[in-house]
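For reference, the structures are reproduced in the following blocks.
Note that chain A is present in both complexes that follow, paired respectively with chain B and with chain C.
What follows is the complex of A and B.
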């Protein structure tokens, strides 16, 4: 395989996206204030999202509770969201799970709150 | 109003494949984890978009462009993602720089060589545009 071929393959990888750009566009358009999206912006966002998925999966797996090296579980993800600054924006949708009784107990321990 | 992220999901099969490619062989991914990652990806798109559109607003544009997306990535501290994306930007910037350079260059020989490279890269650029149009 010549050097040129290898370069082409790498170049193709960079340009190739697996996620459907039409779907990504749909999500982007649901955001307020977005009138138009430049084609390259759509491509870059789609590509970034793929890289994000890889990063989230791998980071969560690496910093996972260590119980099972052969699996990635929801709690690994919730852990990553809480512990990593990069994934802070995910804490609302990836909350840690606690037992109901523990939650109820923590409610009892809260001080009286004034008007918020 | 923005819809809930759950209503704007990315295809499961593709998400699963991307996850599998990122993890070592043989690692099982629970269904719950897969769904959570998919939702996280949708939220990521929304977050990146709203971040990017702020940059566009500052520049008084209504169209989100590539520069806005790159700026959003930096703002979100996803430098990680910038490297592969930068490669693409860099190759296009190189092309622009070469164009500028060839205008001021005194040496004819090197200008000829640069034009050759320029023509090759331009062809690649054109092909890319065609691909994108077809997708639309």
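What follows is the complex of A and C.
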């Protein structure tokens, strides 16, 4: 990689992109079947991810049901995931936290195997 | 942040980068630690989502490499179409900046000197170098000459001495 290309990439990172593109690339490649990614495509994905973080944070904050308006909590985020169609894909990784006792109770209510 | 297990599933965006972005987006807002951790994981999930979709689009297009077009189409089909304009704008901006920088640095290399002048300077340097070489060659030749002369002189005096020695011998013989 010539010195100029490195310079260009560093400038891109400093001025326009906060997330490390190398890490984004690693994550992309850990997806099954993903082959090669063009450098510009990688840049677009990185930038889109940044926008996503901003979007998610803002959305959650605005629709936050917490009493404290100057705070963003886990449940604010979980709420945003459930309410917005766009963020639906996140529901797998952010189950709404429930109290342990409620969970245990719901286990008791499940039909037991072997009962006729 | 060292991790003992290099598990693909553990790959995430560095926490510090996320924290910085959250701070810039929501200044003066307290964000719980578990919420931050969640955002980090959401990022990874988002990247996987986009990559998979873009990859599918890429496969259908029978191309081997995921291109910007594939990513843009993926964003559109997944409901993130609103990101597209800004993402494209930034890409264009970067290309322009990169182009300007390349032009500027090549201009710097020339120091603003036109090509003709550079050629003239080059010819001058070559001529100078040739001259220096010629002078060196001449010096060497002279040295060789001197060395050869000295060698001749030495040989001549040696043979002269020898001759003088042999005539002396003859005299001695006569005396006897």
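Throughout what follows, the second predicted complex is superposed on the first by the 93 of 116 C-alpha atoms of A that agree within 3 Å, B and C clash if a C-alpha of one lies under 4 Å from a C-alpha of the other, contacts with A are read in each partner's own complex, and residues count from 1 in each chain.
To be clear about the criterion, a contact is a pair of C-beta atoms (placed from the backbone, for glycine too) under 8 Å apart; a residue touches a chain by one contact, two chains touch by 3 or more.
Quantities reported herein were computed from a predicted structural model and do not represent experimental measurements.
Partners chain B and chain C, once the complexes are superposed on chain A, run into each other and clash. Contacts of A:28 after superposition on the shared chain: both chain B and chain C are touched.
In the overlay built on the shared chain, the residue A:54 is in contact with chain B and with chain C.
After overlaying the two complexes on the shared chain, residue contacts for A:16 are found with chain C alone; chain B is out of touch. In the superposition on chain A, no contact is made by A:102 with either chain B or chain C.
In this superposition on chain A, the options for chain C are 41-49, 131-139, 149-157 or 167-175, and chain B clashes with just 41-49.
Across the two superposed structures, the residue set of chain A contacted by chain B and also by chain C is 15, 18-20, 23-24, 26-28, 30-38, 40-41, 43-45, 47-58, 61, 70-74, 76-78, 85-86, 89-90, 93-94. Note for the complex: chain B touches chain A at residues 2-3, 5, 8, 10-11, 14-15, 17-19, 21-23, 26-30, 32-33, 36-37, 39-50, 52-53, 57, 62-66, 68-70, 73, 76-78, 80-81, 84-85, 87-88, 128, 132, 135-136.
Remark: chain A residues 14-15, 18-21, 23-24, 26-28, 30-41, 43-45, 47-58, 60-61, 69-74, 76-78, 85-86, 89-90, 93-94 touch chain B in the complex. Those residues of chain A that touch chain C in the shared complex are 4, 7-8, 11-12, 15-20, 23-24, 26-28, 30-38, 40-41, 43-45, 47-58, 61, 68, 70-74, 76-78, 85-86, 89-90, 92-94. Chain C contributes residues 8-9, 11-14, 17-18, 20-22, 25-26, 28-32, 34-35, 38-39, 41-52, 54-55, 58, 64-68, 70-72, 75, 78-80, 83, 86-88, 90-91, 93-94, 97-98, 101-102, 105 to its touches with chain A in the complex.
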